[in-house]
Amino acid sequence: MDLTYTPEQQAFRAEVRAWMEQHVPKEPLLTLEGRAGFDAHVEWERTLASGNWGMVTWPEAYGGRGLDLIRWLIFEEEYYRAGAPLRANQNGIFLLGPTVMEFGTDEQKARFLTPMAKGELMWAQAWSEPNAGSDMAAIRSRAVRDGDDYVISGQKTWSSRAAFADWSFGLFRTDADSKRHKGLSFILVPLDAPGVTIRPIRQLHGETGFAEIFFDEVRVPVANRIAGEGEGWNVAMATAGFERGLMLRSPARFQAAAKRLVDLYREHQAVAPPSAREAVIKAWAEAEAYALNTYKVASTVMAGGKIGAEASLNKIFWSELDRALHRTAMSLMGAAAELKEVGGRVNQWLEGYIFSLSGPIYAGSNEIQRNIIAERLLGLPRLGAG
Amino acid sequence: MDLTYTPEQQAFRAEVRAWMEQHVPKEPLLTLEGRAGFDAHVEWERTLASGNWGMVTWPEAYGGRGLDLIRWLIFEEEYYRAGAPLRANQNGIFLLGPTVMEFGTDEQKARFLTPMAKGELMWAQAWSEPNAGSDMAAIRSRAVRDGDDYVISGQKTWSSRAAFADWSFGLFRTDADSKRHKGLSFILVPLDAPGVTIRPIRQLHGETGFAEIFFDEVRVPVANRIAGEGEGWNVAMATAGFERGLMLRSPARFQAAAKRLVDLYREHQAVAPPSAREAVIKAWAEAEAYALNTYKVASTVMAGGKIGAEASLNKIFWSELDRALHRTAMSLMGAAAELKEVGGRVNQWLEGYIFSLSGPIYAGSNEIQRNIIAERLLGLPRLGAG
Amino acid sequence: MNFAFTDEQIELRDGVRAYLEGTHGAEVLRRLDAEGGRDPAIWRGLVEMGLTALIVPEAQGGLGLGLIEAALVAVELGRADVSEAVVDSALVAPRLIADEAQLAAIAAGELRVALAHPVNPWVADADQAGLVLGGSATGERLESADPLRRLFALERAEADTRMLDHAALIAAAQLVGAGERMLTLATDYAKDREQFGQAIGGFQAIKHHLASVAVMLEFARPVLWRAAYALDNGHERASVHVSHAKLAATDAAVQAAETAIQVHGAMGYTYEVDLHYWMKRAWALAGAWGDRAFHLRRLDDAMIGGAMAIGPDQSFETGMHHG
Amino acid sequence: MNFAFTDEQIELRDGVRAYLEGTHGAEVLRRLDAEGGRDPAIWRGLVEMGLTALIVPEAQGGLGLGLIEAALVAVELGRADVSEAVVDSALVAPRLIADEAQLAAIAAGELRVALAHPVNPWVADADQAGLVLGGSATGERLESADPLRRLFALERAEADTRMLDHAALIAAAQLVGAGERMLTLATDYAKDREQFGQAIGGFQAIKHHLASVAVMLEFARPVLWRAAYALDNGHERASVHVSHAKLAATDAAVQAAETAIQVHGAMGYTYEVDLHYWMKRAWALAGAWGDRAFHLRRLDDAMIGGAMAIGPDQSFETGMHHG
């Protein structure tokens, strides 16, 4: 165990810091969940790409920097320290990119990875279906083979970024007679293809970052399939593993929020409820714990270890700390908590609280994560209602 | 709605207060869970009986005062305000007594109720069996009819007060071929009968208020059965209803504890954790809410209403407030929390915390209570693992 | 001592509930949301039902009822997410006004009153008000997370404790109603929505989440009624009881909101279901008329500060009848 | 930067765990409880395993290991509920002592050291100590809820921050071990115990309770290791990191205790199962070497007070290697 940074790691931090100080927009961008804001965030992706900071963990061959996980953490720390924008390209960087690297053909890698690294291709997830929320194996959307094409019909929902993204990735049933996990394939579909209809879903905050995607006999080449026909489930499980694992929520994000919460507390100290003080300390302490644990997992992975059901521990911890952190902020804001703007600026605590409410729901609800922990880590029986 | 006491109610309060001030022991008795302490508590039951304060809600015909529920609440308030001892006779007053009144024969009423009111007969519960904790229908102990007697064999456990009590009441299987709720009878058994063996169970705090009762061909007259043969389940459900209902934990107990907690907080304020202040306020606020709700339920019952699944709401609320209250006290005690004596006196907060941990477990665990609320009050399906 | 509603009170409550269920469903909220938030027809309906006359004295054409009735109605307004400028005007203002002509105009639905107080950074529905009590608004519109609230920046206000107590009581009552509605919405959703081959309401985790909310609401209610009674009868501790009610109602409603969205899953996060209207109302009312910190401080002063006797015999005024 | 244990550290941990599993099961606790709490044979075993030599410098016959190793061992001592006077003496005192003869005697198992500090109202195992560091005990025995602790009233003590930090770290490690054991006990019980026709561990409520404890423990551990590392290397913020570790470990262990007893049901409330030994140890250690309030205050001063920089780049010392 060595919990100090090497001189090289420190030099890397300094390099990131210098670049961020020069390039991070001075004013916060509009929200990613609206058209104008999304475009501004894509612009920021291109700025990042111009400095080669878009896909820092990807191999250099695909336009990345091949950073190890420790340097990725340092990068993220500096990213959030600088208050840089959210990533419009999140689905590509952390979900599809690694999937293509692991399961894609050389042709697919060349076709998709480099444009993604340049910030030219934004991706939407297309996992859930109206009656298959957390139960992904209940998928019904079909892809029927027709020569060198698939003809896709069906409906996806809760598709993040789909309102504005260029492409989507998801599972489709390529064997019409199959059930549950079998007969599914992982297919990439351009969202401007004929037969694709996007219906934005208005969210709590009134914006529309999620959407439904309707596929009406959409024709895509078989070359858009990642891995073999009928192997979609395993690919998707690997993708979901990336998501729930190390990189879904970088700890720096919560550390930055906890630091802002401390400032908010100092500002409102005289009129704060008595429990807020301990809640603020706890928010900071938990953000730290999450960061430390990520360093620990990163060290394990770098030494050849794997992340298993521990990813579920992570998901529960960050999502519940994020909600508690923002709940505390709302209580400190008091009467002003409900206002969309405070002092002429967007009420970021209200926005953050609303966003935090999605944490325990998405990427596998926390109820499902607790089942996984109980069954896979603790070995409790799967009897009963799961 | 009239939330003021009538002059008669105020006069009654004054009467109780005067009596308590004169009779409540100046020093706390030894714990009810040990022999000497139990005897001291029985002595106190007799003192109460001497003032006719033993069974205040019972009809005058059975040695009570026939108080309505509002006066019972006033009595309890003054009882706890005076710091009077716990009730060794709890099982008799609130569980068996009402059961005998509702289901007993005249002969049984005469035989049991009057001695109970005089503090001459202490009762143990004999519900649970080793493999039937929360699942009371799994009872296996048998009562075989032999002329005018039952011959009882089997084992009961978690029998409260059994280590020191005179009699027990519980369910036994009178139809050997029956399953679950059928074929059970409610039978009273003297604990000094030949064939009865008591094995005290040592509890967390080292004392032995619970016990196992072994019945080895214990012979009791059929006249000891309450209600008809095979009707035991209904009788027991009514008894459990009394227990979970209004009278199991009188609110005054928690209000008195919350008042002491405020004093403790004032004493330790300078070194208290920041969240303790709000936790203290909350403990008091919840004790008040519990009291108010009890007045509300009492008013409903007095107007002819019934308590149904609401009893489960009650059980959860008081048991969780009691645990939180004592957890807060432990945090205020800090390093001294673990000491059995503080300043030469029993560490009542440690004892209270330990006792509070049993609240969410006994009389139907809070998990079961939440199932009842979900299914019976909210109408959620009974599918799955309950 | 009798902690039960009269038959008339239950009739009033049931009548208001039935009326609002029939006329003010979620489709009305969606329409108001799209069209700007207010509808004269809804206002007229509430006036015709007599809500504006509820607590105005009979001498001024009112029904002369008390705060128990006002709170019962406010629970129903919260349950239905009614957003018309009726709450402050009809259920609070009449207790703060002596002018007989104004009272008569309120009862008749001809005068709407807005309330200004320094603990709120806004005046609700100031633009529709013929009278702003306690201060004034600037006219600048403040945008709430709740799309059906119309808030205006406060210009100046005096700290009138009676106004605060009455308005906080009515806010608490609305929170209880909103909390109850969110529990119903989540319960209904859990009965309908299937996953892994069964209704999600059959899963113990969902059951227990919802049961916990039921517990919180059950024990917020009697605190609300004590506060209403004490304030109506001028009891010495009424302010403390109101703060207690506002806290209990806030905590129950906020917990109901977090539970309801979790039970709804991704659906709850959208405009596809109607839950969000009540969630946002709960967040808004949690801070209105004294936030948690404010009301905690009043409890704190009374209890830890020692301004008030506490203990098992202190739940109610033990003296003679007041006011 | 490498947040992983070395192979040697893992070997040490596994070795100690295996030894204690083989020699120090629950039946030993029951025997000690009945017979007065200490057994020279257990002490000799721990000495022979080398625990008393663990952090004593090699020059004085020790193994010269660091606080990571000390904390790893302390987790195992907590897991096994070891109560011999080894913790303060072997895992804390050597870092506070300069005298070479004393160090050599500790390493050899010939000298036991007790610790006196004003934040504790007692001195543990003062009667067996050849040396009381930092103050003295009166000889009066204090009775703990934990039947295996032997506490003596404090006579006088100086406030030595280094002692407090080291002892608090080791207490935190024991709490983590006790918490892990309680999770195991409850999980095993839930797999065995049947109700309503199935193992209670199949009920989602039980599963979720236990999963929540697993989460708390998982995120207490890295905080512990950072504290051990920082203290061992003389980092500037070591005291704050230790306080963080003590808090996280306390909260996880106390939650593990409350959950474990709930899962055990009435059984957990008795001496019939062994859970109570770890529960009581958790309650005791929660208050020992600084209670929650004490350690919260240190975090508070550092963070809200502003004595320490915080933020995404501040988890570790960013300067050169220390110590």
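We just call them A, B, C and D in the order they show up, numbering each chain from 1.
Rule of thumb we're sticking to: a contact is a pair of C-beta atoms (placed from the backbone, for glycine too) under 8 Å apart; a residue touches a chain by one contact, two chains touch by 3 or more.
Quantities reported herein were computed from a predicted structural model and do not represent experimental measurements.
Pairs A-C and A-D differ in how many C-beta pairs touch across them, and the larger number is found at A-D.
Comparing the centres of all chains, each the average of its CA atoms, the largest separation from subunit D belongs to C.
In whole angstrom, the spacing between the mean C-alpha positions of subunit A and subunit C is 38.
Centre-to-centre separation between subunit A and subunit D, using Cα means, comes to 38 Å. Taking the mean of the C-alpha atoms as each chain's centre, subunit C and subunit D sit 50 Å apart.
Residues of subunit B in contact with at least two other chains: 273-274, 277-278, 281, 367, 370, 383-386. Residues of subunit D found to touch two or more other chains are 198, 202-206, 208, 296, 300.
By the touch rule above, subunit A contacts subunit B in their complex via residues 273-275, 277-279, 281, 383-386.
Against subunit B, in their complex, subunit D makes its touches with residues 119-122, 142-147, 149, 151, 194-196, 198, 202-206, 254, 258, 261-262, 265-266, 268-272, 276, 279-280, 283-284, 286-288, 291-294, 296, 300. The residues of subunit D lying in touch with subunit C in their complex are 203-205, 208. Across the complex, subunit A is touched by residues 1-6, 9, 68, 183, 187, 190-191, 198-199, 201-204, 206-208, 210-212, 214-215, 218-223, 225-226, 229-230, 233, 244, 247-248, 296, 299-300, 303-304, 310-322 of subunit D. The touching residues of subunit A, when paired with subunit C in their complex, are 128, 131, 133-135, 157-158, 201-206, 210, 271-274, 276, 323, 327, 330-331, 333-341, 350, 353-354, 357-358, 360-362, 365-367, 370, 384-386.
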